[in-house]
Amino acid sequence: MTVLHVIYLLAIAAEAASGALMGMRRRMDLFGLCVVGTVTALGGGSIRDVLLGHYPLGWVAHPEYLLFTVGASVAAALLARRLHRLKTAFLLMDALGLVAFTVIGCNIAATTDAHIAVVVLMGMITGVFGGLLRDLLCNQVPLVLQRDLYATVSLVTGILYVGMLHLDFSANVSTGVSILAGFSLRMIAIYFSLALPVLEADISSFEDGDKQR
Amino acid sequence: MTVLHVIYLLAIAAEAASGALMGMRRRMDLFGLCVVGTVTALGGGSIRDVLLGHYPLGWVAHPEYLLFTVGASVAAALLARRLHRLKTAFLLMDALGLVAFTVIGCNIAATTDAHIAVVVLMGMITGVFGGLLRDLLCNQVPLVLQRDLYATVSLVTGILYVGMLHLDFSANVSTGVSILAGFSLRMIAIYFSLALPVLEADISSFEDGDKQR
Amino acid sequence: MTVLHVIYLLAIAAEAASGALMGMRRRMDLFGLCVVGTVTALGGGSIRDVLLGHYPLGWVAHPEYLLFTVGASVAAALLARRLHRLKTAFLLMDALGLVAFTVIGCNIAATTDAHIAVVVLMGMITGVFGGLLRDLLCNQVPLVLQRDLYATVSLVTGILYVGMLHLDFSANVSTGVSILAGFSLRMIAIYFSLALPVLEADISSFEDGDKQR
């Protein structure tokens, strides 16, 4: 059981909790909360594996992960009234999860013979697409597409990790440095409310044209 | 042509009809109705096969299923004004379909070397995820995540079926008993309006926090 | 570099631009625009390949396509104010893309031993499902399911292409004729605002029934 594995389990729990809480706001029943929690936690890695043709999927080989995500979903639902006191802990775990998912995703993609750019992208998909699926199931425009340095943190982490491996740093050093750097960047982004620019434009006339298609 | 196969074809037709009818409410054109109907009918099994890496997919090997779903979609659209008289028949077929999909899904997952828990889960994905995709395409929070003993019926059916096989009952007996039990449970749930609990909580303060991510 | 390949690159750019522009209307940040643009451009082909189990996916083998879609997304966002003047060019490229995606999709499906109907369907999925994913990410009912002869153009193109190959026309002739015919049909549909019928029905009473499930 490596440190990365422990971080991964924490991350799965944090992501499942975030999914279950969003499901509650949509008045889903217990089953729905568990589905959204599980999809949030394991969806990013599943999409990565399906896109790579990398079988079996993680949770198919290790179904005990499902107990973990279902348990975290139910726990989050039961504790929801009190969870806002745990807001900071939640944000810390979520940030750790984002970064850990990214490194793990890069690792798995690197076991295929994919191009280095695809390896980084697969890390980002692992880190970010679980939350994207959560938002689709909850019928809202994905948050990760709208704000904050969230996906960007994943991208930076992946580039750093893959770059260090490429420069012959050991796996342990590369993992440690990239996780620390990514986590710090995410903390800084939250603290200073950093975000990528949103381009604004009067595109109403184009929109009319687009409706022609 | 086994009894299960006949039930499967009825189920595909019922699911396609439910998709086409929901598409009509979204003012989709004929093509849209057929797409939503087909995705509703075959989407659950397709997701299962993609997650398992089980190729070729059912409708790729047997494209005649597509004629079936397109036909049922068009028929449902044409008969929509009268279908509310057929409401009971529709609910019966849909319940049969849910249960049959589940058993078939378990069967296919069992041909891989997946863990028994994954086999049950794949049965549930086969039974439930078609309707979930239908709701995504129609831009609403998936019904199956929100109400009724619908997914739970699938879960119970799958556990019963896999459990009986595990206890060395024959495939026929296991299929018959689990389909009957699941179907009865679904009928009881509809009749008495049974549902899983929806947890309620004042999580607005957490929601604010969540927006920080 | 064949003519079809050049058309394909133009089509990817046009689709990425359409995704980025729709993302702007949802107030996505730069990263979000690039994701939606890329998914719009490459999503249809990715779904086709995953459904067929055809690995590696195009953009995994050729990650340079990603630069292309990201570049087109950023360019579209920067040029958005002026793009309505380019409306006609955009519609032309989009139509060319729809038709080229279809032919390319049929080609790839034909390399598997899929039934001829599945080959045509995979062409249509390649042509249409990118836009469908775009609309899901932007939280709206997919446009292609609602209006115009858009998917129908893809269907006609695919049937013509596969039919001509089947009748022993050369690949070049089949490609040229089906692209020209499909493109012309799309232009005619835009010019005359042709669309498939939307079936209307008072299905409110059924809707009540459906809510029972």
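Brief remarks on what is shown
By letter and in written order, the chains are A, B and C; residue numbering begins at 1 in each of them.
In this section, a contact is a pair of C-beta atoms (placed from the backbone, for glycine too) under 8 Å apart; a residue touches a chain by one contact, two chains touch by 3 or more.
Nothing here was measured: the structure is a model prediction, and the numbers come from that model.
Where chain A touches chain C, under half of the residue numbers in use are shared by the two copies, so each contributes mostly different positions. Put simply, chain A has to spin 120° for its C-alpha atoms to lie on chain B, with the angle rounded to a multiple of 5. Each chain gets one centre point, the mean of its Cα atoms, and the points for chain A and chain C are 28 Å apart. Taken residue by residue, chain B touches two or more other chains at 50, 53, 136, 139, whereas all remaining positions touch fewer. Within the complex formed with chain A, the residues of chain B that make contact are 50-53, 114-115, 117-118, 121, 132, 136, 139-142, 144-147, 151-152, 155, 195-203, 205-207, 209-210, 212-213.
Per the touch definition, chain A reaches chain B in the complex via residues 18, 21-33, 35-36, 46, 50, 53, 55-57, 59-60, 63, 66, 77-78, 80-81, 83-84, 87, 90-91, 94, 136-139, 143, 148, 150, 190.
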